[in-house]
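Just so it is clear, A, B, C and D label the chains in written order, and each chain counts residues from 1 on its own.
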Amino acid sequence: MFDIKAVRKDFPVLDRQVNGKKLVYLDSAATSQKPLSVIKSLTDYYENYNANIHRGIHTLSEEATEAFEVTREKLRQFIDAAEVHEIIFTKNATEAINLVAQTYGRQNVLPGDEIVITPMEHHSNFVPWQQLALEREAKLVFLPLTEEGEIDLVAAEKLITKKTRIVAVTQMSNVLGTINPINELAKLAHNVGAVILVDGAQGVPHLQTSVRELDCDFLAFSMHKLLGPTGVGVLWGRESLLNAMPPYMTGGDMINSVSREKTTWNELPWKFEAGTPNIADVIASAAAIDYLNALGMDAVRAHEIELVEYAIKGLKGLGDAQIYGPHDATKRGGVISFNFKDVHPHDVGQILNDAGIAIRAGHHCCQPLMRDLKVMGTARASFYIYNTKEEVDILLEALKEADKVLGHVACR
Amino acid sequence: MSLADDLYRETILDHYHNPRNRGEIEDASAKVEGVNPLCGDELTLYIQLDGDTVKDVKITAKGCSINTASGSMMSEAVVGQSIADVKKTVDAFKSMMMSKSGDVSLPEEMEELEALQGVRKYPVRIKCALLPWNTLLEGIITAQEEQKVKEVK
Amino acid sequence: MFDIKAVRKDFPVLDRQVNGKKLVYLDSAATSQKPLSVIKSLTDYYENYNANIHRGIHTLSEEATEAFEVTREKLRQFIDAAEVHEIIFTKNATEAINLVAQTYGRQNVLPGDEIVITPMEHHSNFVPWQQLALEREAKLVFLPLTEEGEIDLVAAEKLITKKTRIVAVTQMSNVLGTINPINELAKLAHNVGAVILVDGAQGVPHLQTSVRELDCDFLAFSMHKLLGPTGVGVLWGRESLLNAMPPYMTGGDMINSVSREKTTWNELPWKFEAGTPNIADVIASAAAIDYLNALGMDAVRAHEIELVEYAIKGLKGLGDAQIYGPHDATKRGGVISFNFKDVHPHDVGQILNDAGIAIRAGHHCCQPLMRDLKVMGTARASFYIYNTKEEVDILLEALKEADKVLGHVACR
Amino acid sequence: MSLADDLYRETILDHYHNPRNRGEIEDASAKVEGVNPLCGDELTLYIQLDGDTVKDVKITAKGCSINTASGSMMSEAVVGQSIADVKKTVDAFKSMMMSKSGDVSLPEEMEELEALQGVRKYPVRIKCALLPWNTLLEGIITAQEEQKVKEVK
């Protein structure tokens, strides 16, 4: 395990006061906080070698290009990809998924085909497929969930068929916390000749991830949930698939040659990186990966299991809290959604904010799931490497306090 | 914003826990629904016109404290007013909620509504506060159309 | 005019040494350097109020949301747009142009229709239209240029016809420096019922820009060329056009409501901003706008005219330098492309780098223009607010020195 | 990298200003073209095989100093070699240019080529240096195919 006090010192924002209270940041599933090393990497870039990349032959440009490509290699290692040119930078996970839907999807999904997703998908891994299905007159097929919000693999085996072209599924639910059986789903997909895209927005920051072990075909995630800066998404795809796909955006840098009549595309990964990329933030993303590697993803996971176990126990002790998703902490990530009877989660969120506690409340970009759960939304506390049991205690205490205000919450 | 002052100040909590004009109107001039899909707030508003006067308003709602309290206060503010006055009231309330430059004072009879100013900082929640009011405007239009149809008959 | 010494102090990178020489950065057309206020804004965000925006009801999220929307309003003012929700954030100018081509373009361009562009367009404002034309079986029409690289308006009047759906043109050429007559072209386009998209990537950073005066329909540009951080592009479009367009990417934040069967879109500008935006860099972009506003765009322009005049005179003094584009400094921006007979621009670039001078050399993402000019590429020096006449002198001196090495350059 | 040492060191400039084996071969076993669209380098390579030996190579090129010098040095290195040896030479050169871990020493007969190591830092220019070599490999394949066709006849 790691020294959490030392970790916390690396995150300047944790000294922040909110409403006169020390900030308790329990919203890392929305975006994580950033260590000093990431912030310093940005400053260093802008103060010392800011330049446009790839096409330059001056020193600043050469330094920026090299640093930029270092991140790509670090990411390759981080997700255990075979080739560095399989790593494509986008602006966020959402763009990465849209890219696949609009290129691979448009190319391969025909009328009558099926796209398989789950009801726990984030809108970013839901709407692109829904719209593709509408455009292509294909069918969107939902894998059913069990009581505790896990994918029913027996049903999945029946629903993933010869008609299936793409299976799109989240590695970890941003509402339920559920960690999905990607490897099993990949087998089912590959058995019928389909590909599987994994939405790793929640999974990659929290779980040791190997695309080779998962045996998936595409993986999308965002650096901002992974200690990195905002504005950097990552798409990993199998080389053979990426090579066969048309480009997504066209413009500078992604071309090989351009004439008035015709354009030929650059090689991977540049074919998919049109225009000036987010140079500074891609470079700073390397510091984020380094930070996680130094802690060790195993330790990150162990820390989260400990917190989640502790928090679930505490929430159960509050009486009428409804907790969604698996109750076994080893089967879920560091995200806990809950509700108190008849209380709107926004009110819970707002009252916690009075106590300096930042949680998220609402539909979490999962309206279809909210419908299934028959709620307007949930309150959601999410953890990362800098959170402590003391902070969980503060949360539980504040939830009790809230009772006095809303008169509905907990412990009556 | 804290428990002690703005958002959850007594007025709001009072209206939240004991919403006024809760319920339905059997024979309403109009029944309209308002939804805020982003936060899941839902309400049904019943309005009873008597010529140009809002004779009665009733609301059934499923939402957060702001939405509930705002609807409750609104119903108190507008019942008995002429449609012209209702529109003025709605305008005054909306411009208070949208004001970017500090607090706004409302006419004496609307003072209570100032309690909702605390949510201005939260764009998400401004919508919760406005939902009953926008639904009311819709209700008035629907009710007036209904009346016209009846007159023609 | 402004105090250039004070300005230079605001740009930490200018203290940089390259190959033992003081950096002379003449590559701002590729990307500009950033003032301390922009860098500090980033640090401030990450150290104090980093949070995901729009959906949060905790203090950090509320602060981040507010700061994010402040930039939008500043940009509205900066380009004199009518409505703040007409400002859409993308990752770069390239995405902004692709967005229009893929939504407005796909919706409005039919077989036989024509898209009018110029041969001086950057690949980012060229390839998307070329590909749209190929996809739609529409025709790509090129406005011819005069000797000095200006659009021939007489020809334009004939070529912009009832068949024209879209005119896409750069506000200022990144190779020739030419400032184009947008207003005249807008009139021609509107007369035939077409819309005009302006690529402002080079123009907006250097010229006072009012979309109402230009009377254009879309304007695309990148903050990284405008003192801002990498990773932020801007699309401005007329409200009525944007409202009629389908979304580009789908996912979180851009929806109004989502059910298993159907999705409805959020209002402008969010309809076009899917997923977590580049929060930090959008916020820091406000500092870039503030910086330019404090100098005054008129002064920025006056400074550039002075430098360009001085540099063109100096280059002409070198003998066999070929200078592209208009020779009158008031008709062009702060970009000068040149070549020496038989010398590859890469070699010029590399030798200048030995002297600490950063210029760009190559096709500048304008391969069609290079073909027209019958060159492999050009060397390009570009200026911004922090450049001085002394730096131009260093450039000229180094070009003379280069002669000794390559034996072909200048002054023989 | 500066005038004094790497990139523009004497060797390169010498080959740039006086490229060896410049020209055409009337009756070449193969004539192939290489282009690097990104920087506009273009070259035409003529190759004359004699059985398994590269008897002659000639180049006409339009490009930068690196491209020109690299082609010139290449032609000197490979003329007279067996095809098997040419392939070894190309491999050795390529791995030197792609090496990420500092300088690489080449066999004595290729020592001159080490002068090109200076461009390794510039990805754009590595391509310029490699272009003649990749074109040579293409030329050999084409020439061998031509030979086969002739044999069949």
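One rule holds in what follows: contacts are C-beta pairs under 8 Å (C-beta built on N, C-alpha and C of every residue); 3 or more make two chains touch, one makes a residue touch a chain.
All values reported here derive from a predicted model rather than from experimental measurement.
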item: Remaining connected clusters, assuming subunit C were absent and nothing shifted; value: one piece
item: More contacts between chains, A-B or A-D; value: A-B
item: Approximate Å spacing (C-alpha centroids) for the pair subunit B, subunit C; value: 47
item: Centre-to-centre distance between subunit B and subunit A (centres being mean Cα positions), rounded to whole Å; value: 39
item: For subunit B paired with subunit D, centre-to-centre distance based on mean C-alpha positions, whole Å; value: 80
item: Multi-partner residues of subunit C (at least 2 other chains); value: 19, 55-57, 257, 346, 350, 353, 362, 367
item: Overlap residues in subunit D, where contacts from two or more other chains coincide; value: 37-38, 122, 124-125
item: Graph class of chain-chain contacts, one of line, ring, star, complete, other; value: other
item: Inter-chain touch pairs (all); value: A-B, A-C, A-D, B-C, C-D
item: Subunit A residues within the subunit B interface of the complex; value: 19, 344, 346-347, 350-351, 353-354, 362-363, 367, 370, 375-377, 405-407
item: Contacting residues of subunit D [partner subunit C, same complex]; value: 1-3, 7-8, 13, 16-17, 37-42, 62-67, 122, 124-125, 128
item: Of all residues in subunit C, those that touch subunit B in their complex; value: 54-57, 62, 65, 256-257, 264
item: Subunit A residues within the subunit C interface of the complex; value: 12-13, 16, 18-19, 23, 25, 27, 30-31, 33-34, 38-39, 42-43, 46-52, 55-61, 90-95, 97-98, 119, 122-128, 130-131, 140, 142, 222, 224, 229-233, 249-253, 255, 257-260, 262-263, 274-281, 346, 349-350, 352-353, 357-362, 365, 367-368, 371
item: Touching residues (chain side subunit B, partner subunit C) in the complex; value: 37-38, 121-125
